Every structure is written in C-alpha cells, then in structure tokens.
Amino acid sequence: MTVQPAYLQKAWYVAAMSTEVDAQALFHRKILGTSVMIYRTADGTPVALHDRCPHRFAPLHLGKRVGDEVACPYHALRFNAGGQCTHNPHGNGHIPQAARVASFPLQERYGFIWIWMDASEPDLSLLPDYTPLEQGHANAVGYTYMAMASNYELIIDNVMDLSHIDHVHGEIITTRGKLSPIVPAIRETATNISARWEWSQQPAMLIFANFLERPEDPAEHYFDITWSAPANIQLSVGAVQDGKGFDAATAQYDLHTCTPADEFSTHYFFATRRNHVVEDADYNEMKIKAMHAAFETEDGPLIQAVQDEMGTSDFFSLNPVLMSNDIAAVKVRKLLRKMIAAEQAAGALQSAAE
Amino acid sequence: MTVQPAYLQKAWYVAAMSTEVDAQALFHRKILGTSVMIYRTADGTPVALHDRCPHRFAPLHLGKRVGDEVACPYHALRFNAGGQCTHNPHGNGHIPQAARVASFPLQERYGFIWIWMDASEPDLSLLPDYTPLEQGHANAVGYTYMAMASNYELIIDNVMDLSHIDHVHGEIITTRGKLSPIVPAIRETATNISARWEWSQQPAMLIFANFLERPEDPAEHYFDITWSAPANIQLSVGAVQDGKGFDAATAQYDLHTCTPADEFSTHYFFATRRNHVVEDADYNEMKIKAMHAAFETEDGPLIQAVQDEMGTSDFFSLNPVLMSNDIAAVKVRKLLRKMIAAEQAAGALQSAAE
Amino acid sequence: MTVQPAYLQKAWYVAAMSTEVDAQALFHRKILGTSVMIYRTADGTPVALHDRCPHRFAPLHLGKRVGDEVACPYHALRFNAGGQCTHNPHGNGHIPQAARVASFPLQERYGFIWIWMDASEPDLSLLPDYTPLEQGHANAVGYTYMAMASNYELIIDNVMDLSHIDHVHGEIITTRGKLSPIVPAIRETATNISARWEWSQQPAMLIFANFLERPEDPAEHYFDITWSAPANIQLSVGAVQDGKGFDAATAQYDLHTCTPADEFSTHYFFATRRNHVVEDADYNEMKIKAMHAAFETEDGPLIQAVQDEMGTSDFFSLNPVLMSNDIAAVKVRKLLRKMIAAEQAAGALQSAAE
C-alpha cells in the first residue's frame, strides 16, 4: 500500500464537474488516496460514499442502483445514500452493526461537486465564493478536466507564477515580454494569497484584441489571482483601452482547482466565464477546447517532465533556486504547509486528550 | 527482489494441465515465487527443474533439449532429468560439485501435473483423491486455465462462498434467489472444510433443466464443496426431480485449484466432469468455453477489482464485516493460516535442533 | 527516488556516439542516474550540462537554443555552455549566485563523446587509447547503440566470456566447438584484464572465410580482449592461413563499452573496424546491421532473461557456480569492485580530513 502524504483534511476539494455525474451514473474517483463513489438520488442531490464494500471490499460503483440505494456487485449488500446497509440477502438477513460505509458531505456549487473528506462536521465557511461562475449567460462559461501524473502542488506553482506564460504558451496569450519583468503585488490574508500584475502591451492579448475597439492599439492589462486553501486559484484577466479603468475591461473570470488522487496523480479542474460575446455558443466551445489543449500540450507535458526529474513531491528538499517570480507560489507552499501542520498538531492534541 | 509471503510448503500444487506439457515442450511457470521448468522425458514422464542455470542464472527453458536432458541457452551446460549437470563443454570439461539444479517431485493425476515444492520427501497422502475426473467418457470432462492478477486466497474465498452466484453470474446458473438465504451445513476434518447447500427451484438451473424430464418443473438441487489444503476446492452440483434422491441427479463434479505464482499472481485451474450427454463432444467444448468465459468476464474482473481496492494480501487486517455466508471461506482462511504457522514452527524447531 | 548503486566515478564513460549529437540537437541521456544534456556549440565542440534547471527542475533539453546558450523551457532562464546562468527575464533580472547547473567534462574521441561525471578534475590518462578506430577508410568502421534493460556488469560478463558464442550465436561466427575447450591466456595490469584464445578451425569463421585465399581450408584464429575501467572491452578477432602470423590476419578491431543509466538500465555502445574490403560501403552497412541484430536478437534477450531471473545486480550474492570459462569475467568483476571500494575509501578519508 502506498503511504499517503499529508493533505489538508478540513477542506473542500472538487470531486467532479456537475456534468460528470448524470442521473444514472455510479461515478467513481480516487480522492486523497480514497476510492469515492458519487451518484445522484432521484431528486438530483449528489451523494458520495466510500467506494468499498465493508464486507469483501468490492468497489460499489461496479454494483447496481436500486432506487436511491446501491447494491454491491459481489454479494448484493445494499447501501442507502447515507452509507448504511439496508439489505442483506444472505442467511437470516441480519445486518451487522458495522455494515456501513463512510459517506462524505458534498456541496454542489459553481458547476462543481465539492467534497469534504474529513470525518469532522463540514465547515461551509471554508468553501470559497466563486459565484461569478454561476452568473450570466450559459454560453459564456466552460468547464474542463484533466488527469495529471504529478503532485498537485506543481500545478498550483504553475498557476501562481504566471511569468511562465510567455515562455510556455503560444502567440494567443503572449504578453510580448511585458509580464516577466513585473514583480507582482502580493496581498495576504490568514487563508488566501493573491498576486496582481498590471501592464500595457500592443497589440492586446490576442484572446481579447478582437473584442476591443482598436485591436491593433495598445491596451492596459491585468492578471489577478487568489489562492485559497486547499488548492483553488481564482484567476481574472482582462484588457481595456482609453484609460477606461479595469471595471470596463474585456475580461474573463477563471477557476483552477486541483484535487490530489494520490501523491503523484492529480485531478485538475478548470472553469472560465467571460464578459464578451456571451451568447456565442460556438465561440464558447472553441474557447474551452483551446484552453484544454493548452493544458494538455503545453503546461501538462512540462509539469510532467518536472515531476519525473524531481522524483519526489518534496520541492524544498531539492534546494530550488528561487527568484522574484516565485514569490506568490512559495507563499502558497509555505502557508499550505503551515495549515497542514496546524491541523495535524490539533489532531494530535485531540488524540492525547481523548 | 519481492519478499514472498508464507505459503504452505509441504503440499501438492497444480503446476500445469497435462495437456500444457507436450512431448517437445520446455514448459515454464512461476510457482510460489520460484521459476520452474517442466518437460517430459522420452517415456512421457514429466519432470520439473528449477528454471535457472546455477552458472549464470539463464532460464533453462530457453535452452535446447538433448534427449532427456536440457542444455542451458547461454553456455550449454547440460542437465539431466534429476537436475544433475552431465556435460560442461568448457575447458577440461570438469563438472563442479555444485553444478546441479533443484528438481521438484511431480505426480500426474486427474489431468493435472502436481508439484511438491518443498525440499522434504513428498508425501503422497497429502494429494487429495479426485479420481472421478479420470473416470468416464473423454467427452464428458473439460479443463481450463486462467492467469489471475490477485492473491490466491481471494479466489478460494470466491468459490467457498457460493452465495455470490446469483449476484455475479448470469441466468445460466441462477438459483433464483434460493441459495443466499441458506446457511450452508459445514463439515470439518483436520485438513478439510466442506459446505453443503440444498434447495428447490423452478425451473431448475438452466445448465441442468434441459436434461431433466420436465424442464419447466421444480427440481431439488445441491451444492457440495470441499476445500483441501493448500488450495483445492472440489465442487459438486446437481439437480433431480420426483424425490429420486441426489444419487440420481443430473450433476457435475468440478475441481477448482489455485497455485500462487507470487503474492499477487495466481494460476487458476479448473476441471469439470458431467454425468449427462457424456459422449457429446460439441456440448463438452461449449460447456468448458462457457465456464472459462464466466471466470474471465464475471468472477475475474470482480476479484481483480477487490484486490486493487484492498492493496494487500492480508484480508483480516482490513477488518472485513463478516456474515453467515462467509462461514466456510473464513474457516478455510483460518485453517490454512494454522497449517502454515504449524509448518513454520516445526521448521524453526528443526533448525534449532540442528 | 531510486537508490543508485556505487559506480566508479573517476572514469570516462561513453555518453553518446558522435553522430547522435548533431549541430542543432539538445541531446539528452541518463548517465549514472543523472540526467545529462549534450549539445554542440557553434564551433562543433560538445558540451554536457546537468539536464535540470536549478529553479524548478525542468529538463533543459526541452528548452531552446540561443546561440551557444540554452533557455529553460519553463521560465526561460538561460545558461551558457559552462552551466552558468547568463539571463533571467524576470523581475529586475538579478541572477542568483546559485543559478548554475553542473557541467561535465567531455572528450570526443574514436567516434564517441566521453563524459567525466565526477566533480574532480578529469584525468585524461584514464581514457584508454582506441586510436585504431579512427585510422583508415571511413567505409571500414561502423557504430551502433542499444538500450539494455539490465545491469551493465551482465553485459561486460557476456563479452569477457566468449565461450558463449557457439551456443548463443548463429553459423556466421561459430568456432565449430573449438573455442569452448580453451582456457584463455590471461594478462593483468593494475587497471586492465586481458584474455586471449587461439585455435584452428575449418572452414574459417564465416565472417572471414570469403576474404581468405582458400575459404574452405583450415585457418588459424585468435580472439584478444582487454577490459579497461570502467566498462570498456576492446576485442580483436582475426583469421589467417599458411602460418603467416596473426599480423597478416583478416581481422577486425572492436570496442564494446557500457554506460549505466541506472542499476537496471544500460547504454550499450559498439564500434567495429575491419582491415578488409575497407572501401565497400554496402558491406560496411550490412556488417554493422548484422552485428546490431545479433545483439538485439541473441545476446540481448538472453541477458535480459538472466537479469529478470536474478532480480538483483549483486551477482555473487546468488552463489554462482563458476567455471574455467568465467576466469576473465570474474577477474573484471573483482577488479572493478576493488577500484570502486578504493575510490569510496579515498572519498571517506578526504571527507574526514575536511
């Protein structure tokens, strides 16, 4: 058995895009090293159970739905949406006390199904607010998912340090060398790390230029990103001309969020909403496909190569040479370490008190 | 090198189906973590040698037969059927004292070649009697083999708890829910665990119904299984009408037997003999293919999924919730553990005395 | 991370055939467990750098050439041919003191690029002299490369014990059983182990017979091999008739050399120069293809099977039965162990003194 690294436990992770779990599915995904089955009850409410029968450890997602319950594929023990065994077809039908599986609290918001993996009461205040993803025309928002064979923190690093974009990505989002020299302005709270870049470039980023009044002229740009525990990065980017202020920018509001499957496998989810050509379904489809392709063919292989070369998930153990562009990413790594350590210390204290 | 788990050593394991080792073959298979080569001498007698030249560790099965001897593929050291080096083509031809490979006693019975992997004298009294497989028309018996990527005890569990059949298998052998409620009658000896189920169903199991006088009417059925160390399960199943007694049943006599390759790889052998349409070669071929397909597509993937989810071969360490249908399987696991522990204790005692 | 076994560090290993590194390439290869990038500066000089950016560990060979420098694929830090960072496009452009990668001394000789992986001053006196490979017609020399999934010492064993050739290889280089009975004459120095066989056979080895005056008649033959640390074996083989002496032989001068990628992966390089039909380009191509094919289809699979059966790189731990044909190979293994141990002891002494 693989030893699992320490993850932040009291936290909301994205388990799936809402669209991945349809009315019939017994969807399954490995999350923080645990097999999880997700399905929707008849009223559409998603539920998550440990995907392992407590009898002989068959994955429940291979079983059959019986109304809002699920029968194990091996010996047909049936479990309800709360994880309690409700039917044992064997012998006198007695249901042992221990015949239940863990259920995990879910919240369906912003187009994602979020999961609370800890045994404690779920704390809704720890779920960040990404309401803008839900507001506006349905053709102005897109979602995508990638399985990445790397530790999740390497993906966070990638987004927290946007100085890579002129070097890794193509013409479509180049800042024409303007981003790299900027040391981003950092904002910090007890649980968030934000970074902001502002610059002018000519022409504007090509994803925006054609939606500006004068595509060939200079435009003011910004990137604003905010990491929130455990692995969410809200990224806003936009361009505007004529000193109109960024409130008037042609812009998009994105969410990058990662869920560790295990130490070297990560579920990478992405959502993007734009404020321009909001009714254009074809453009929307093209845009989400293009962004997916950029991850798959540009960031993805590079992050994978970094992971292979590192051979470990312990970034600092390799004595990286850090620079001004690492400031936000390093602050995130350190704050996340601190939060995990605090959680473990509190757990140890509680164990000692019991 | 993988650490091998503790296997019962003083025991007969099936090394191969008789048909797998033809007159020319240098057949090879990994058994209890050891590479074994099996071939037949000119008179047809099968012999088994350690499949590793003691010189530079080349697998002997890649070599050449020289009469009843085998020449190593690398430097042509030649070994006789007893494992003794008989020819060294190098230098002055001197054969070092240590130039021999272990030979393993074999018994060819019931359509299988059985192997004794322990260094002690083989004890024929430990080879169970499956004579019925050998008795009767050649078109009434079939054999098959599957490589399984799971620990062997999960396969024993599968057969010892027949309550899975209505849930895992299809219409052809359904008991129509009649089997599960029955707690089987258990018989135990020092070395065997048996379980027996009896029930009535209508119509009869479809594998038997068309051979009964009135296929649509109720029929009495039985399953009777006996595990013998290390990993043999003899299973009999039949159906009869009109209160004639099970001696008159339309029935089949099967053997399921497992040989560990290593902790997570198992050779699964199966034989079946029936007492009806015994001369029908087409039916025989269809039947063994159907049974093979059931293992490959129904039991196999499920056992594999269980193994993957368990991630260990130590079943009890995962605190399974056990039920009345587990009684026979758990008794087998416990008796096998006890026999292995006794064998190890005796070995330790002997080592201490020497 | 894989623990690397002890390699001889103060030594020249072949990193690549000269032809593998063209003017544009950012060539890469794992050597002694370390990722190495090799490229040629504008004047053709090969340089080798640690293939890992010190910032975020991206492989530099995925980056871009900027004249004689290389820009990292991730954030475009630029490194010169000595491994020093020369350009940081981020923030104020400050280049941290630690922003450099190890560079490895190279020597391009005999058609190969040789690398010194140790941090000490490279010692040119430790690079053996294989000048004959460079002398003569270009159509009389050939080079080839194979990736082998085995420990490098098993490949050295294979060449040091030529008694395998009548058993492993085909008609083309058979000695007709004449080689095996010969115990080779051994010559030893502090750093070299040589072995020599001489014999007569009829007809001559088929690779030579058609170039002799009377192809069907007996001919005198010799093999002469010299191992030099760490993993080079120079092999000469020839045939002559009429008691003319081996100086007049139809012969070839070969180099077999191995570079460990890691414990169970080896880069196997081979060069051969002949003294007959030296201008025949078609023959040259056929010959190197035939030798490559012999490694790939005859030695290679056997060495792989041996490695799989051994499951370790520690040959002596398996208590091999050694014979007269092992004398040269065993002397090499022992001398190499001794050299590695001496190097480690000197390193420990130096560490203690510091």
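Annotations for the structure displayed:
Each chain gets a letter, A, B and C, in the order it is written, and its residues are counted from 1.
Basically, a residue touches a chain if its C-beta (ideal position, glycine included) is under 8 Å from a C-beta of that chain, and two chains touch if they have at least 3 such contacts.
Source: prediction; values computed, not measured.
Superposition of subunit A on subunit C using C-alpha atoms only gives a rotation of 120 degrees, nearest 5. By the residue-number overlap criterion, the interface of subunit B with subunit C counts as different, with under half of its numbers used by both chains. Inter-chain centre distance (subunit B to subunit C, centres taken as mean C-alpha positions): 48 Å. In subunit B, there is no position where the chain touches two or more neighbouring chains simultaneously. On the subunit B side of its complex with subunit A, the touching residues are 157, 161, 163-164, 166-168, 177, 180-183, 302, 305-306, 309-312, 318-326.
Subunit B meets subunit C in the complex at residues 1-2, 35, 51-52, 54-59, 62, 71-76, 88-94, 96, 98-99.
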